[in-house]
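One chain, subunit A, appears in both complexes that follow, with subunit B as partner in the first and subunit C in the second.
The block that comes next holds the complex of A and B.
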């Protein structure tokens, strides 16, 4: 086993120890608040904070009877599914164009595609609203979905591009020289090799859309709440234990899904290679 | 030739989408800054410099700008200090399950931002972990006000941005040839010297990319001050939201958005001139 090369002189040993301790503290910093929320979701008390007065599942029960939470949940799921489907297709196409072809203005297009990740969401939010106002159109679900597609697009392109660079062109060239047309080459060679990245991209887009709050506050149609905006609205009234239960459920969903997806992707890529 | 055309077909949906939803709105926004505000929700297309004049002369806006820059800078620097050390640890450690440490850095990206932010209420609030513990131990009588302060806002933003920083630095560290370190040690450097002379300079691109990303994201934030800050802790993003959604003053809201866009654009441009934006993309794609 490789020892850290640092740990050879006295200052190195102490330095390394300090690094270790700080690292542990940072990990605690990152996970303690989340853990506390999960624990408090089982609190029997009427209030959302400490102390724990007993263990109970009643707040989860309450949650499933809360009409507006259920509605917001459904809204978010639909928007996220739609966004994931459309955004992945558009993003994969763009990524292929940007890695496999040479054309003038490629550098500019590369920057444009990444831009939504670098412009603050507040500005993207205002921009789209202004567009609707200028075009005299109402805010609809379509706007929300299109907005989410824009927000997630850079991430699809980045993930797929990273994978495409790793796939050797000789496979595609071999297929082409053996008489397959471009579409068949893509379907039979590139797509299977790209599958892990596509699965990763779909999950990423789903979580980005499902989780988005800042831009959604601008874009949502009047009276519509998505899951995160619903939580924000509930927070403004009080820190109820129901929010803790809701938060815990969402953590289970959003952490469980990608882990599952990662496992699937590993099996897929394991079979192919 | 035909190849080039095919590439454009593939790109077309993405480009059209971004042209309509990103480029066009920002262009309209720029034009709107010269519109005249009549009353809530109504404006006239008389071209006027009134909005810009108001922005440049009213110190109210300058204070917001200054506060936002200060909070974003503190957040980015704190992230750099708190992020570099774990990244360095993950790179150097002989721990067998390194992947687990990296996975744990990705997990926060999957947990809802809203939930991660409000979870701090349970740590800092009057009924939060810190206050309740201190009270039970008899150290304090009345709870310390930690929530709804600027400190709480910064804490929430660090919590959200730290994984970006760690991943950026880690990617950069991974690119360092470890033989260079051995060479430095063989030539008589102490471990501290080797770090200062070799590792730190070579990991600067990642550190700077992380700083830029954290600064830009913190400066544009809107929800964190809403959840963890008091009325006085509003940042520039909140100002934009209130101007547009509450006062329905579209021309002024557009002006403020353009200001934020241009300022953050300048920061990014200066950065990309010296470092190249590719470093950030590398970090983002992880």
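The block that comes next holds the complex of A and C.
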């Protein structure tokens, strides 16, 4: 411990520099692909790569005239909305059951409910497909939505459960003692305190569903494309600059929504500071 | 005849193998302030929660305001509850917090506003209706919690260690305030605490509990001066417990040979029999140190083992020929230091005798 002070300082300075450089490199590595996609979506060139030959919005224009892209976009939005709605309702109820009530097999339920998040999606995809084959059921929109619900439900339960544990039971006990029945206690006390977690869960689920490709490839009905499967199909033909434009829009949606959600959650919790 | 506000009949509550409350009978007079006092895990909070309806007794009956409420859900019992950590709804304003219970009692809107205002006046916090709980100090939040609980005019007010989250200075202030408010409203109050000072200062009656059983139920003076059991004697205040055997009895007193050989005189009830083993309880405050003993007092010699000087008073640990005693005395002129030999004295009437079962002889 008797090192010269100055040497220690110098190595500290170099240490910090190294940390900074590595951090910057990691960020470049993470965000360069996104940046490239966004930049190239404005490229005037016929080809979906560098060099840039000029700035243009023509690929966005083309995209909005592409019937199959628009259809796939609409399909994905609907599926994501349905998934988010159903998952939130079921997930919140499950989380409340798992944190606020004691019943037999609770530990098992707790593990089982998050299992789909741990099993590889490909396995789930094949599994559900085989099950449907065995039951002699066709691949329908319903199956696709149910599959997405299965994939996303664990995340709602996890997010809401984490928040519920933080909400002290005395708030609910106080409401009950003042004459509010269980439903009113939930509506007036638990739900408002839970709101930030619910907003976060909705957006997370929406993004999970909207982004999903692996499972969707297995489960989609014949002839139906979701946004990600549509992109994959387009890539099979060529790397069109249209895909860059589409990619940019996807980024705006999937990054923008959680950011928006975060802001809403902050405002909601800010109100009760 | 006084009205009984709360009547517990043979209430038992078990969690699996653990018995939290054992066959407790307790009657609480209307308008009185009753404290359940005991160490943590003694069952006091469980009793409070079972009256509130947050837990269900395994057996026994709970009657509040003449109504058997065992099977009445909490939200249909008319009970005011104040928690240790206030439990004010953080997303509702002070006014909405206080109005919460009134909303579910079909009180007209205009009356709600008036009642909220009156409740705030009562807890001496007028004009904070629009604030959020987090904008108030701990003491203020606890007043709002109190206002929220009494505004619904409950049959009984239950306070679960409401002062323990406050700092020492504020706690003393709130203690007085709480008692004054309780008197003004005249509401039957059950107060749970492990703080004996709070219990002695505020209560009409103290119920001392240990291991799920009631050890003693009496006025603060009774409980302090005439502890019913060894537990009560050692839990409340500083007591000296001296083991000995009764040598002779007569004239309402007994001559007792202590285990160290000393012989003392103690006030004794008729049930005290010569030859039986007893424990003599003597409050540390009733032990005179280095003073001229009064006539008829028991006199012993002792050596000061340790002195805690507290300004107006001093606490001495004294070794009286093998008998370890504690004295808490007012300092007249001189403070005794470690190693000094002193005369100690106490009156026979300050002694309480416990039998072999550790219960007071009566």
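The definition used in the following text is that the second predicted complex is superposed on the first by the 258 of 273 C-alpha atoms of A that agree within 3 Å, B and C clash if a C-alpha of one lies under 4 Å from a C-alpha of the other, contacts with A are read in each partner's own complex, and residues count from 1 in each chain.
By definition in this document, a contact is a pair of C-beta atoms (placed from the backbone, for glycine too) under 8 Å apart; a residue touches a chain by one contact, two chains touch by 3 or more.
Computed from a predicted model, the values in this text were never measured in an experiment.
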Message = With the two structures overlaid on subunit A, would subunit B and subunit C clash, or do they fit side by side?
response = fit
Task = Check the residue A:101 against both partner chains and state whether it touches subunit B (first), subunit C (second), both, or neither.
result = first
Angle, in degrees and to the nearest 10, that opens at subunit A between the C-alpha centres of subunit B and subunit C = 100
Task = Determine, under the contact definition given at the top, whether A:78 touches first (subunit B), second (subunit C), both, or neither.
result = neither
Key: subunit B versus subunit C as contact partner of A:155, first or second or both or neither   = first
Partner chain in contact with A:179 - subunit B first, subunit C second, else both or neither = second
Dominant contact partner of subunit A by residue count, subunit C or subunit B = B
Ask   = When the two complexes are placed on top of each other via chain A, what is the minimal CA separation of subunit B and subunit C in Å?
value = 11
Note = Footprint intersection on subunit A (subunit B / subunit C) at 182
Inquiry  = So in the complex, the part of subunit A that touches subunit B is made up of which residues?
reply    = 1-9, 11-12, 15-16, 19-20, 22-23, 26-27, 29-34, 36-37, 40, 47-51, 89-91, 93-94, 96-98, 100-104, 109, 111-124, 126-131, 133-134, 146-147, 149-150, 153-155, 157-159, 161-162, 182, 207, 210-211, 213-214, 217-218, 227-228, 231-232, 235, 239, 243-244, 247, 250-251, 254-255, 257-258
Inquiry  = Using the touch definition from the top, list the residues of subunit C that touch subunit A in their complex.
reply    = 52-54, 73-81, 83, 85, 87-91, 100-101, 104-105, 132, 134, 148-149, 152
Partner subunit C, residues of subunit A touching it in the complex = 168, 170-171, 173-182, 184-185, 188-189, 192-193, 271-273
Inquiry  = Residue numbers of subunit B touching subunit A in their complex, please.
reply    = 3-4, 6-8, 10-11, 13-15, 17-18, 20-26, 28-29, 32, 82-83, 85-86, 88-90, 92-94, 96, 104, 107-116, 118-123, 125-129, 132, 159, 162-163, 178, 181-182, 185, 190-192, 194-195, 216-217, 219-223, 226-227, 237, 240-241, 244-245, 250, 253-254, 257, 260-261, 264, 268, 277, 280-281, 284-285
